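The same subunit A turns up in both complexes below, where it pairs with subunit B and then with subunit C.
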Partner chain A sequence: MANKTVKVSKTTRRLVVHENIAAYLFMLPFLVFFVMFVLYPMFMCVYTSFFDANMGVADDVFIGFDNYKELFNDPIFWKGLWNTLIIVLVSVPVTCVFSLWVASAITKMPVAATSAFRCIFYLPVVTGSVAVTVVWKWMFSKFNGIINAMGTSMGLLDKNIDWLGDERFALACIILILLTTSVGQPIVLYVSALDNVDKSLVEAAEVDGATPKQAFWKIKWPQMMPTTLYILVITTINSFQCFALIQLLTSGGPNNSTMTIMYYIYYNAFKLYRYGYGNAMGVILALIIALLSAVQFKVGQEK
Partner chain B sequence: MAKFKNLDAAQKRSRVYYIASFVIVVIVAILFAFPLYWIITGAFKSGADINSGKEIVWWPNAWVGDNFSKLMDKRSAPLFEFVIGSLTIAGPTVPAAIRWLVNSVFMSVASMLLTCLTAAMAGYALAKKRFYGRAVLFSLIVCAMALPKQVILIPLLREMNALGIFDTCWAVIFPVVGWPFGVFLLKQFAEGIPTEMVEACRIDGANEWRTFTDVMFPMIKPGVGACAIFTFINSWNDYFMQLVMLPSNKKMTIALGIATLQGESSTDYGLLMAGAALASVPIIIVFLVFQKYFTKGITMGAVKG
Partner chain C sequence: MKKLIAMLLALVMVLGLCACTVTNNSTPATDAPVVDAPADDATEAPAAPAATTEITLWTYPIGGWGNQETVDALMADFEAATGIKVTVEYLDYTNGDDKVNTAIEGGSAPDLIMEGPERLVANWGAKGLMVDLSDLIDDTDVAEINPAALNACYGEGGAVYEYPLVMTAHCMAINKTVFEAADALQYLNEETHTWNSVEDFWKAVDAVYAYTGSQVGSVFCGGQGGDQGTRAIVNNLNGGTFTNAEHTEYTWDSAENVAALQALVDCEGIEFDAGIVGGDEIAYFYQGQLNMAFCWNIAQQLNPNTADTGAGLTVSGDEILFMAFPSDATPQLCGGIWGFGIFDNGDEAKIEAAKTFIKYMCDSEATADAVKAANYFAVRDTAEGADLSGIWADNEIMNEYNKLMPMLGDYYQVTTGWAEARTAWWNMLQAVGSGEDVATAVATWAATANGQ
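Up next is the complex of A and B:
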């Protein structure tokens, strides 16, 4: 009897070992890329942020927290952080509300119309950031742009405005373009979330005399909470990542009015070749995003 | 009776609301489609139509191909180039814009194939196998997904330099393959397949690899399709990575190409629109053809485990 137990456990152990080896062999091709091109650079980002690493320097020099200290005294960094936060704080709520509204409006339509609209709202995402950016550059342009032409001919503007070259408008224009490219995915998600809402609950509520408004907020909205949470997180990350728009339209100008952290990292790496300093900024950015995601999850789960 | 009247009023109200929201959605949708319309018509407008100032030319007065011929005449490059050791094989000389397209297609297809293969295998293992470190790996994957790629830009750049693949296609392709979204997506799909199927296959004597290729893979095909479309479109439009990893003109992609055109002649909007049309129309066609997979992929990726 005792022998038998030992035998079984041996077989079990062999099976477990076999299962582990097989699993890791299946994981291996992905893990090679994941470790080399995601995890290792992440680690190096934190590591190098404590060094003075430049293009010209042969070896990185350890300088402790000096990069971070410099960062906190860098007015452009603060300006970039501020602008990044404005972009996030405006675009995330607007994207969520707008896409929820569009989704709930188009789900009531016939199936063909729903998928046609879903497709149209997704188009700016597929078109690609560069193509979208150059067409908006033309539309916003001072002398040939359609926005100035329409504004002046309808009497809304008394003279042509240099939208992207004016400190007052540049950031707002960037946010507007960003919005058009970021609602596509949330709309797709909300449409399918609204489809998946438990219909019997809604019907029961309607029989009990609930108004459509009540049915929406009391029955559908709570069921869509996980979707909303996911949308909040991805939209936040997307807004932080907005890069092509700024690089191609304004390069952070005029007078740093559209400088974001993302662009400032790029600028430090490619114009100033300050790798350590740029990495320190990357670490701060990652921390902010992690913190925001954590808060969103916490709030979402409590609800 | 009174109750019925109320119902009528409520129905009428909801009818009005329905029509009003329909009208607004149509208007907003037109605004959303407008930039694309402007790209395509702009690409065929004459210089006079483009620089018309106050007169808005909604529809080209004459459809001309000048912008495209300008785009094609600008530079030329071999259709493709392979370097094997000291041997360089180059294709016939074509307009540079065509070469940009070839580069973009190559990078997107290579990223797509590699991602689908690695992600399908890893997704299967994560969903159906129990192994040490599974939970840790999975949480690492989820965390990495929440991080903007740009944060790791500088270390990645130096790594590519050290590996000697900086300024080659692979510097753009490899980070895409390492990006864990595909794994996450296919894990979700694989979890939907009954474990009994896998077990039955093992009992019938198939080895691990056969179980994967003959049973698992066919069943997660819709997921693989979604993953393929996603990766293709994302890497086609991955301007940031291309900009950072491909500084020389040799491996220029279509996205980079237009950005360069923009830098050189920031006011020739006709030329820019021709470039933008060349970059976006192929990818939009791909999207429209595989739309169904795409929608499914987006929603599956969102269902959090």
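Up next is the complex of A and C:
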């Protein structure tokens, strides 16, 4: 009896080992890509930020924290950081509130209408960012843009405005475009979250005399918190990483009024070939995003 | 235990991949078939068919050299003549630099690249990434090649990092039909494509502005695209320069340039537009939104616009007249000089094959076809006895445009810190355009360009 027990145990252990090996083998392709394209570049980013790394045959020179010291004294970096924060502070709340409002409105509609609106709001997400940007560029054009045409024809504008070339308006235009491309996914997520709210709890609350507002804030909202937290985090990260719009529309101008950290990283690394300096900025940006995400998670979990 | 196994597996895979990389890198260069023709022989004539060698060429869209059909025909002829197979990749000016730089960092730069001295000489050449092509240039070549074009191909220490093939002069253009209607053609010489004087240029702008009531020209400064046009208009108006003659310092903070910028700011018909770049300006000019374009060259003059109204016409059929920039002296036009450079990939066989390619395209009987493919002008009059001066004899527009070529000015794009200086330039224009004091903005950004 004792021998039999030992035999079973060995077989089980062998099976477990085999299963583990198989599992690791299945994970291997992802692991390889993760190491090659995530961990290794992350390590190199931090490592290179301590070097005067430029493209060329000469070896990179170790300069310690000099890149970090330089960037903290770089007014364009601070301008980029400030602009990035403005984008985040405006676009994240607006995206969340607008998405929630749209999702709440369309979930009350018939199924076909809900699907149709979901598709409409999701279209900018699946449309290529270059195509979207080109259309917006035309709309904002000083010479033949539809916004100027409408403004002047309705008497709102005396003369055509160079929306993307005027530092008073350029950042606002960028944020507006960013919003149109950012709300699609949160709307879809909120619609799903609202669908998944336990209807029996809502009905029970209504039977107990809760108003629709009370039912929303006391019953639905707490159940949607994980979705809200996810939306907050991805919208924050996307806003921090706003690059394509800047690259295609303003190149950070005019007068750095639309400069963001992401674009400044690209500019230093790929236009000036200052890889070390660009990577130092990348490290700072990653730390800021990590810090904000941690705060969002903490606050979200507490709620 | 699980963590240990996971770590081991990851380590094995990474080491395995490293091993693969090492194996690839350590492949002896001698594995590649050696081209028979040595460099010295290559300078005489295209090499005879040799063992098949494969080289790669990356080309920016330099006229027809960005067109696969055109380039395929050239490559087929080259392979038939030399036995060397060329694989071509096409770059664009938006992402081309990123692609090349990524390839350089990854150790997979192409063997050959086609572009101008600002990249081949001032950038990659200065960084020691290019092969010195001095052995391809003999006294005959020096005598035959346009001196300004050849000078631009020399890097520090006399090394040649570009073998030039074609050149053009960047100019400006006006809507001749509108100028005629505004009675502004009296201020210019249609025959020579020059302005009577700088004063007459301002009179012409005023006349067209008064006639149309809308913006005539744009100092575009949304980015660096087409910025040679804004540099040229500013430099020519008062005889200023962008750099010193030695190409060691940016001189656009001179009194001449400040005065020119102030005059542009004060001109009602011209506005500073931070929302557009050179390509946009060309589009607006084609569409008739602007009646003057500062970003122009023969490629724009020849290319039918999107409405396909024909060469030298706007979308509404107005006639386009290309012009030199306004100057009271001889206009100094920015040049475009394009040719080939070789990346030093450490493979002598491929370097020799690439040199054979260069001599075939740039200095042989095949050069006429290579030049015509680019739709620009040859940098030399003859190539191995073949006369290149008349290759555009059958093209009226090219012949007419040839009048601008003697106005080709200093090729200053090889000055150290070019990338920073270009950015500083359009940032300066943006500052000026947004109302900042011209002298202050110019001084600030010129200092940035000079690394101060």
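As a working rule, the second predicted complex is superposed on the first by the 288 of 303 C-alpha atoms of A that agree within 3 Å, B and C clash if a C-alpha of one lies under 4 Å from a C-alpha of the other, contacts with A are read in each partner's own complex, and residues count from 1 in each chain.
The definition used in the following text is that a residue touches a chain if its C-beta (ideal position, glycine included) is under 8 Å from a C-beta of that chain, and two chains touch if they have at least 3 such contacts.
Keep in mind the model is a prediction, meaning the values are calculated, not measured.
**Q** Under the superposition described at the top, does placing subunit B and subunit C together on subunit A give a clash or a fit?
**A** Subunit B and subunit C clash in the superposed model.
**Q** What is the contact status of A:36 with respect to subunit B (first) and subunit C (second): first, second, both, or neither?
**A** Both: A:36 reaches subunit B and subunit C.
**Q** In the superposed arrangement, does subunit B or subunit C reach more residues of subunit A?
**A** B
**Q** Scan A:24 for contacts with subunit B and subunit C and give back first, second, both or neither.
**A** Both partners.
**Q** Does subunit B (first) or subunit C (second) touch A:251, or do both, or does neither?
**A** After superposition on chain A, A:251 lies in contact with subunit C alone.
**Q** Per the contact definition in the header, classify A:167: touching subunit B only (first), subunit C only (second), both, or neither.
**A** Once the two structures are laid over each other on A, A:167 reaches subunit C alone.
**Q** Does subunit B (first) or subunit C (second) touch A:271, or do both, or does neither?
**A** The second partner, subunit C, only.
**Q** On the A-aligned overlay, A:67 touches which partner chain: subunit B = first, subunit C = second, or both, or neither?
**A** neither
**Q** When the two structures are overlaid on chain A, which partner does A:48 contact: first (subunit B), second (subunit C), both, or neither?
**A** After superposing on A, A:48 lies in contact with subunit B but is clear of subunit C.
**Q** One more residue to check, A:140. First (subunit B), second (subunit C), both or neither?
**A** second
**Q** Between the stretches 91-99, 199-207 or 343-351, which region of subunit C is in steric conflict with subunit B after the superposition?
**A** That would be 91-99, the only stretch with clashing C-alpha atoms.
**Q** Do any residues of subunit A touch both subunit B and subunit C, and if so, which are they?
**A** The answer is residues 20, 24-25, 27, 31, 35-36, 141, 143-144, 270 of subunit A.
**Q** Sort out for me which residues of subunit C touch subunit A in the complex.
**A** Subunit C residues touching subunit A: 2, 5-6, 9-10, 13-14, 17, 97-98, 101, 104-105, 127-129, 215, 221-224, 273-276, 284, 287, 289-290, 419-420, 423, 426-427, 430-431, 433-434.
**Q** In their complex, what parts of subunit A are in touch with subunit C?
**A** Subunit A residues touching subunit C: 20-21, 24-25, 27-28, 31-32, 35-36, 54-58, 140-144, 162-167, 170, 250-251, 253-256, 267, 270-273.
**Q** Give every residue of subunit A touching subunit B within the complex, in rising order.
**A** 19-20, 22-27, 29-31, 33-42, 44-45, 48, 102, 105-106, 108-109, 115, 117-124, 126-132, 134-139, 141, 143-144, 146, 149-150, 152-153, 180, 185, 188-189, 192, 211-212, 226-227, 230, 233, 237, 240-241, 243-244, 247-248, 262, 265-266, 269-270, 275, 278-279, 282-283, 285-286, 289-290, 293
**Q** Once bound in the complex, which stretches of subunit B touch subunit A?
**A** Going by the criterion above, the answer is residues 10, 14, 18, 21-22, 24-25, 28-29, 32-33, 35-36, 38-39, 42, 50-56, 114, 117-119, 121-122, 124-126, 129-132, 134, 137, 140-141, 143-144, 146-159, 174-175, 177-180, 183, 208, 212, 233, 236-237, 239-240, 243-244, 255, 258-259, 262, 266-267, 269, 272-273, 275-277, 279-280, 283-284, 287-288, 291, 295, 298-299, 302-304.
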